[in-house]
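What follows is a short report on a single structure.
In order of appearance the chains are A, B and C, and numbering begins at 1 in each one.
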Amino acid sequence: MTVILGQTFTGISIGAVLLLIALGLSLTFGQMNVINMAHGEFIMAGAYTTYVLQKSISSAGISLLVALPVAFLVSGALGALLEWLLIRRLYLRPLDTLLVTWGVSLMLQQLARDLFGAPNVQTRAPDILTGNITLIGGDDPLTVANSRLFILGLAVAAVVALSLTLRLTPLGRRIRAVVQNRDLAEVSGISTSTVDRTAFFIGSGLAGVAGVALTLVGPIGPTMGTNVIIDAFLVIVVGGIGQLKGTVIVAFALGVLQSVLEYSTTVSVAKVLVLVGIVAFLQWRPQGLYTLRTRSLA
Amino acid sequence: MTGLEIRQLRVSFDGFTAVDGVDLDVRPGDLRFLIGPNGAGKTTLVDAVTGLVKAAGSVRFGGEELLGRSVHRIARAGIGRTFQTATVFEELTVLQNLDIAAGAGRSMWTMLRRRKGVPEPVAKAMETVGLTDLADSPAGTLAHGQKQWLEIGMLLVQDVRLLLLDEPVAGMSHDERQATGSLLERISAERTVVVIEHDMDFMRSFARSVSVLHAGKVLSEGTVAEVQADPKVQEVYLGHTAAEATADVAVREA
Amino acid sequence: MNLLKSRSARAAAGFVGAAVVLFAVAPLVLSDFRLGLLAKYLCVAMVAVGICLAWGRGGLLTLGQGVFFGLGGYAMAMHLKIADAGPGNLPDFMQLYGTATELPWWWQPFANPVFALAATFLLPMAVAALLGSFIFRRRVKGAYFAILSQALAAAFAIWLIGQQATTGGTNGLTDIQGFFGYALDDPVNQRTVYFIIAAVLLLLIALARQLIQSRYGELLVAVRDSEERVRFLGYDPANVKLVAYVVAAGMAGLAGALFVPAVGIISPALIGIVPSIEFVIGAAVGGRASLVGAVLGAIAVAWAKTALSEEFPAAWTYFQGLLFIVALAFLPGGLASLATVVRRRRAAAAAEKKAAVIPVGEAA
């Protein structure tokens, strides 16, 4: 019983990480239909921001708290810059965008190597996050790392913040208007290019926040983004384009599936099985879990 | 020989019913115009007949049931359509466009070889739609009206028996409209043609029969004169007289 | 008709020229070492031929060609490892890591040379057919398809690494000694391998050219530009795409198979996400829709990688990143389209000049 619970909770915490790294994509890929392969490097930028801040702020707790908004701004600014330099020229060519941003991602990785060196670096986690919490005591205890709980909380907070922003603020209304009908939004007086850039800023900023979270569970290195980016895209594909709800459900579902399969097989076989599961799922729901049915031809 | 028979056709999108129990009969050789305000369900009706959206009810052509078949199978049953915006293969020439349209039944072996010369049906269709001189021009360089004619030509080489045309004269000049109209008259002599149209002058000049759709239902049916005299139709167009109603529709669509 | 004749005459001349360069000039002027490198680049070019067909003509961004390259490569390498070990013996790495006392069941058929050779292209084609029929039939396309192919490449590499006892893990299958009875360390045999590779490349180019010029090739472009429209003409676009995808997979498989005797190794590092995307960049730089462009682009990029990455690894990465950006953002037709772009610019400039001249004439 505890084993099942334990695997489920491991799965949920894998899912929380997945959710955090995919959340920014649900805006840039899900809403704006831009495949930004450099999203992984924005995650990396957030992680290195944490690393740099910790060098100047000695308290691990304070530096982590400071890192969250700073990483959001750093990665967000990188994203807005990328949108302005390249992506806005490519809105009608999604596949070319994929390859162009892959080139950007290669250059950012090399930049990280030149700045911080090729080997991975570590940050110190604050003391409060290094321990474990015992959920079920007794002979067969179920313990959960505090850092994992923190990531879960952060993921939930980020989802709530993003969904409230999209629903309640004028900015969110503008983003949704542009996504649904670009021309109409334009003639209604919305500057679509400003909205695009702002949405990209937020989506990339969320990648930075995910990067801060990743420093708690693993090393920081130039290729850390590449390792997670495909999984993040799969979450959006399976969840359904433009559907925050789908992203959340699928992130946790894939996390639990991965963890259960890892327990019964090996990490590598689990990866392959998850992919087979995704292809099978797309047979059943080619447009992802949630989808808006319209009469449009596309 | 029976034409198009639609019975109790129903299409809904997430709770919104776009087509709500339509019955429609179009005899072979008819040139039927479908009119109605925006959102009346005209395009959705055509989408349902061609298999692009799921629908309940029955659609038969020449006695064969079409609902539930996949899009390309419906196309092979002799049903062809055009879209509101002309979709031709812009990077291929007029000849290549027509040759592809003519070739759905080709064998693997034919497909894997080069085209030699111009197949007979392709030459005939090019003649009919008046594009013979432009055979080797890329379709992307054609004028708007010529693209629509190329699309119609592509349906002709497929030897479709039912043509569903979605606003074929939108954006055309007066001369192009007249040319398209007489093209449709010639074509409909041997085939069944259904046209979705908002241009009332064009409808009055060329329609043999008219169906008015409103809110997913057939409101009225008959000749142009009968439909224009129908009080229900006048009511839908804000209670105006027929002439004003036409003007109103034209304004709304503009 | 004249145009067609001159075009096929030009193509024939191109083939003869390429054959002369590959079979006479290159072996004369290049050292054995350089010729070996060229053999490796030609393998990359074979993958590019398939990418030109699937992506350039069919619009299918195949970011998982590494999988098919790997299937072909491993099929060949497994046979060569078994042959190297000799009858009754296990390949060296299995003795090293493994506890196995006999060949795993899925290795056994590869002991047969005919099976192994056929598998180098039939296995990737079968996998592509299975996967493609699932993906295309449900109309998964564009970005979804690209991401799924990438995920496939990642999963395959991860799986290979995880199965160290039977696949050699991260190291892959290395240190291959013989090629159907010929020792690979003999320069004469290496040269023969090069000739085989050059011949196969020319053959694949001819095959792809025939496909592109056929009615099927026209239909493939039509599917790329408007899939829905093709469906209304009574074709099943899924089948059209499937053919291009499967052919491209077979070509990548052959390339992988021939890469093994040329370089002596196949490993997960050669087939994951990164190498898969690198296969695409060569074709993109040269011109994805043009066979000549894609092939020359692939060879040039592979050459640049060797030349630059050994001496300036950091500079190479920046350069490669820039290649992606410049080639795709600013010259989507690749270098092959450069002539057309320049011609158009010149024509536009000339037209402007003319326009500028007329008012002056009027004033005078």
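Note that in this section contacts are C-beta pairs under 8 Å (C-beta built on N, C-alpha and C of every residue); 3 or more make two chains touch, one makes a residue touch a chain.
Keep in mind that what you see is a predicted model, and the values were worked out from it rather than measured.
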*Please identify which chain has its centre, taken as the mean of its CA atoms, farthest from the centre of subunit A.*
B
_Closest chain to the protein's overall Cα mean, using per-chain Cα means, please._
C
*Can you check how far apart subunit B and subunit C are, centre to centre, with Cα atoms defining each centre and the answer in Å?*
44
*Starting from the mean Cα coordinates of subunit A and subunit C, work out the distance between those two points in Å.*
32
_Nearest whole angstrom, what separates the Cα centre of subunit A from the Cα centre of subunit B?_
46
*Mark out which residues of subunit B touch at least two other chains, giving numbers and ranges.*
none
*asked:* Counting only residues that touch at least two other chains, what does the list for subunit C look like?
replied: 228
*Of all the residues in subunit A, which ones touch at least 2 other chains?*
297
*List of subunit B residues in touch with subunit C within their complex*: 50, 71-72, 75-76, 80-81, 87-92, 96-97, 99-101, 103-106, 110-115, 154, 158
_With touch defined as at the start, can you tell me which subunit A residues reach subunit C in the complex?_
29, 33, 35, 86, 89-90, 93-96, 98-100, 102-107, 109-110, 113-114, 226, 230, 233-234, 237, 266-269, 271-272, 275, 278-279, 282-283, 286, 297
*Where on subunit C is subunit B touching in the complex?*
210-211, 213-216, 218-219, 221-222, 225-226, 228-236
_Residues of subunit C defined as touching subunit A within the complex_ = 59, 61, 63, 131, 134-135, 138-140, 142-144, 146-148, 150-152, 154-156, 158-159, 161-163, 228, 273-274, 277, 280-281, 284, 314, 317-318, 320-325, 328-329, 332
